[in-house]
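Paired with chain B in one complex and with chain C in the other, chain A is shared by the two complexes that follow.
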Partner chain A sequence: MYFAGVDIGSTMTKVMLIDKSDNLLSAIKGPTGPEHRQLANEVMRQALEQASLQIDDISYIVATGYGRLNVPFADRQITELSCHARGVSSLFPNARTAIDIGGQDTKCLKIDNGKLINFVMNDKCAAGTGRFLELTAAALGIELQDMGDISLKADKKIQISNLCTIFAQQEVVALLSHGEKLENILAGLHAALASRVAALARRLGIEPDLVLTGGVAKNTGMVKAMKESLDCELFVPEEPLLTGALGAAILAKETYMKAVAEGEALPTKSRRLEKATFFS
Partner chain B sequence: MSWFIGIDIGSAYSKGVITKDFEPVASHVIISGANYRTSAEAIRTELIRQVNLSQDDITNTVATGAGADNVYFASQKASDIVCTARGINNAFPQARTVIDVASQSTKVIRLSGEGKVANFTVSEKCAGGSGRFIEVIANVLRINLSDFGPLSARSRTPITFSTGCAVFGESEAITRVSEGIPKEDIAAGVNKALASKISSLVKKIKLEEPCAICGGGALNIALVKTIEGELNTTLLVSPYPQIITALGAAITAATSATSE
Partner chain C sequence: MSDKNKGLSKAREIYSTRSQRVRELKAAGKKIIGYPCVYVPLEMLTALGLVPYRTYGDIKEPISEVDRALPSSFCPIMRSCLDCAMKGKDDFLDGMVTIHSCDPQEKTAHVWESYINYPYFHYIDMPITVRPEALEYFKSQLNDFRKTLEAFAGEKLSTDKLQAAIKSHNRQRALVKELYELTKPPPPLISGTEIVQVVKALMSLPVTEGNDLLTEIIDEVKNRTDKPEKKSARLFIWTGTLDDTDVMKVFEGKANVVMDESCGGIRSYRGEVKITADPLEALAKYYLYEITCARSFRQATIGETRKDYDRDLQSRFGYLKGIIKEWEINGAIILLVRYCDPFAFEIPDLRDYLNSLGIPSTYIEYDYTTGALAPMRTRVEAFLETIS
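This part shows the complex of A and B:
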């Protein structure tokens, strides 16, 4: 018996396949792109290939994320908040708070026994999301994935006075042209984002253990800045982008097992890996 | 009779006005670029060329705006709030409120008589509340800033942006373009979003009529109309809205020279 979680985020589509003992069979990440309606099947195909499985071998499929309604072969849609909570607590059973910093929004989740009990999120202003780092890195002409490591070399943090991402883009270029060191500017940018995310998390209340996920969790400089802002220990999964897909796969398994145990028939969708159409 | 220059170095555009005593006689607007010092010099050179004078004929020069420090030949710096108030008082002596929509900020100033500042509020934290939002979306739509207003005026069904953030607004505009939404509806949506932010700023310090509008944003005729609708008033619009603050700086130059 095999289960799949498909997480269609604003920038990345993630698929995870697990068996009934939660063993990971494959994990695939691909860019969502503007045609995310049509790409879920492609990423799914790759995941099946990696696990040497056929689509008919999958007992139950859960889709999550911003594009979850565009996965025609998924049996059930579950919000990314619930899937994140489930994914995080399967990796860190003691997790009580999770902060997910993505490219388009930042979510703080309160978790109890693997279940989501409360959350706050920012999807209104780019300054509190990964987009802030993405755009300032672009303005400074450096690769997003190098940002964190470079910032760790800083000997001081330059205060970034603009809140708005667009104004900050201008500010960092001006700072660079005034001779400030790149690493010090980057340390300032990370500190600025961390303090905004920390303020959001405090609104929810932080209880240990605290887990950081989302693409931004791969940024070493950001993990350091978050630790400093929150003044507490922070756990980061090996694959922080995949917790949503993992949670979706586990929830797929749990939904299926529960139905089997209770002898209920569980409706499933057609397993044909076709492109989604506008009407599906 | 004496000559005075006011120079306003903004984050996007640099503006200059030359006055004969208190009367504006010539103006010049250029893109600020990376070197504000060069921009300030270029404006002075062009202004005195337009009126056939030399540098020595200028009695006094006052600088204002974010880059005022770079106008090394100015005798003093003045606050942009004060300069906008004085400039608008020169253009519209009857104005009691002025909205200045600039690239990096939006200011609303309440005026007492003689162009004195009674109260003001500034929105400078968020590009979604300033003219920058228009610049960002004009770039997505690949249209000139000067076409933004006329294009937007043609829309009957403006889109509604889901956030006020200019960064997310940019992504949203790209999505709408790919969905085939007409450019004018997207442009009108930007004006609607910006007008609503500007109107709440005006309401914060209470509108006293008549109200004038200046800054580069006032060149966007559809934005002006949308703000008029939101505030239920008719706005006084100068034919040269971008140079009002520079004009105020020139008047400040003239005032301080006269009082000495």
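This part shows the complex of A and C:
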């Protein structure tokens, strides 16, 4: 028996396949792009190939993330908040709070017994999300993945006063023209983003253990800034992008096993991996 | 029922076309008076043969004109309402009555008057706290309103006519309450989405026509076979105004919405105007004391030096306790339109009160555009997952 979790985020699409003992069979990441449905199809195909499985071998599929409604072959949709909570607690059984910083959302999750019990999310705005770093990296002419390491070389932290993504870019350009060092500006940017995320998390209340996930958790500068802002221990999974897809796969397994145990018939979708259209 | 000219189908039709009936009435010589807020005493318009017509914003209409008139960090609903007016959306109106229901309404009233030329315009300065001195002032304001209305209509507002109008509007309130009784069974016999359509239709029709429509709808809903599907949660929506079915559909995707505190829902129908010798005073009391919008501040401890928080919560939200029990509500969505201060200030206390009743709630802010719907859906579904 095999199970799949498909997480279509605003920036990246992730698929994970597991077996009934939670062994990981494959994990695939790809950029989401504008055509959610067709990409879900493609990333799923790659994941199956990696695991040497056919689509018909998968007993149950859960889709999550911003594009969860656009996965034509998924049996069930569950929000990324519940999936992250489930994924995080499978990796860190003592986790009570998780912060996920994604491309367009930042979510703070309260977890109890593997289940999401409360949450807060950022307002509808790029400030406080991964997009903030993406756009400032572009404005500074550096690669996103280098940002964190460069910031660690800072000898002082520049104060960034405005967290609006557009205004922060203007501020950064002005700071450069004043001759401030790039690494110091980056340290300031990370601290500014971290303080915004920390304020959001405090609205929810932080209980240890605390786990940081999402693409931004791969940024070393950001992990450091978050630790400083929150003044507590912070756990980061090896693959922080994949906790949503992992949680989705585990919830797929749990949904399926529960139905089997209770002798219920579980409706599943067509397993054909065809390109979906918006008319289907 | 597929007859477009009856019951729910008719309400759905009016919800999307809205002004067709008042345009017909205007062609037949009637005067149509717009109002942007349910605090305007419609009875006074009805009594003089004027047709009240609620003006709304539109979440699907991109803002293009109003930036000339109002700042961008301002109530998006008022911005959208005035934007629609500046584009001539309700150009059939013979007049407009606005009221100080909140500061953006008050400020917008004066801007509105200077941008749009109606034959009749009146602004009612309604007090914001619920207390005896406020009632006296509000009565004097309604008296001023009476005078300008009489001058516009060329007719005196007699006590008899006003009493008759109060009875018609009370009839509408009773019928709406009867309709909400039909959301009590699981599953409800009528959906929140249908109620948004019905209320918008009522606010687009003369009161007697609205009452006829409601009578048809109640009869249809009681006997319907195509009732809403039973979902996992029974929700209560607390918001300023929820006036678009696309927003309601986000809440109803995986739950049944069975009750609201919204002026696109039951808010202006919950109470009843008393029939007394002084109808103007009865109206003042009803609108100041009875409507449970966050704009009216009803503190329990006026004149006392120490604040008793529990008694205060009881005074402001106590009416919800019975509703939550009777409608078997198991979750509340607090929907805030961005920059809406009167509602924002109530939220921490409202959540304390709901917590004390053991009702889980979630708070969602949106900017009154369709762009907010996808993130809203994620928040609503995640909330439902936490309470399932």
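Just so we're on the same page, the second predicted complex is superposed on the first by the 277 of 280 C-alpha atoms of A that agree within 3 Å, B and C clash if a C-alpha of one lies under 4 Å from a C-alpha of the other, contacts with A are read in each partner's own complex, and residues count from 1 in each chain.
One rule holds in what follows: a residue touches a chain if its C-beta (ideal position, glycine included) is under 8 Å from a C-beta of that chain, and two chains touch if they have at least 3 such contacts.
Please read all numbers here as calculations on a predicted model, not as lab measurements.
Enquirer: Answer with clash or fit: chain B and chain C placed together on chain A by superposition.
Expert: Overlaying the two structures gives a clash between chain B and chain C.
Enquirer: Examine A:212 and indicate which partner it touches, taking first as chain B and second as chain C; both and neither are also allowed.
Expert: Touch status of A:212: no partner.
Enquirer: Applying the touch criterion given at the start, work out whether A:123 contacts chain B, chain C, both or neither, answering first, second, both or neither.
Expert: Both partners, chain B and chain C.
Enquirer: Looking at the overlay, what does A:198 touch: chain B (first), chain C (second), both, or neither?
Expert: Touch partners of A:198: none, neither chain B nor chain C.
Enquirer: Who does A:135 touch here: chain B (first), chain C (second), both, or neither?
Expert: It touches chain B, and chain C stays clear.
Enquirer: Would you check which partner chain A:163 touches, where first means chain B only, second means chain C only, and both and neither mean what they say?
Expert: first
Enquirer: Per the contact definition in the header, classify A:47: touching chain B only (first), chain C only (second), both, or neither.
Expert: In the superposed model, A:47 contacts neither chain B nor chain C.
Enquirer: Of the two partner chains, chain B (first) and chain C (second), which one does A:66 touch, if any: first, second, both, or neither?
Expert: Touch status of A:66: second partner only.
Enquirer: After lining up the shared chain so the two structures overlap, which partner does A:81 touch, if you call chain B first and chain C second: first, second, both or neither?
Expert: A:81 contacts chain C only, not chain B.
Enquirer: With both structures aligned on chain A, tell me which stretch of chain C collides with chain B: 7-15, 43-51, 61-69 or 277-285.
Expert: Between chain C and chain B, the clashing stretch is 61-69.
Enquirer: Just which bits of chain A does chain B share with chain C as contact spots?
Expert: In chain A, positions 123-124 sit in both the chain B and chain C interfaces.
Enquirer: Which of the residues in chain B end up touching chain A in this complex?
Expert: Against chain A, the touching part of chain B is residues 11, 34, 104, 125-128, 132, 136, 163-168, 171, 175, 178.
Enquirer: Spell out the part of chain A that touches chain C in their complex, as residue ranges.
Expert: 66, 77-82, 105, 115-119, 121, 123-124
Enquirer: If you look only at chain A, which of its residues touch chain B in the complex?
Expert: It comes out as residues 34, 104, 123-127, 131, 135, 162-167, 170, 177.
Enquirer: What residues on chain C touch chain A, complex-wise?
Expert: 365-367, 371-372, 374-375, 378-379, 381-383, 385-386
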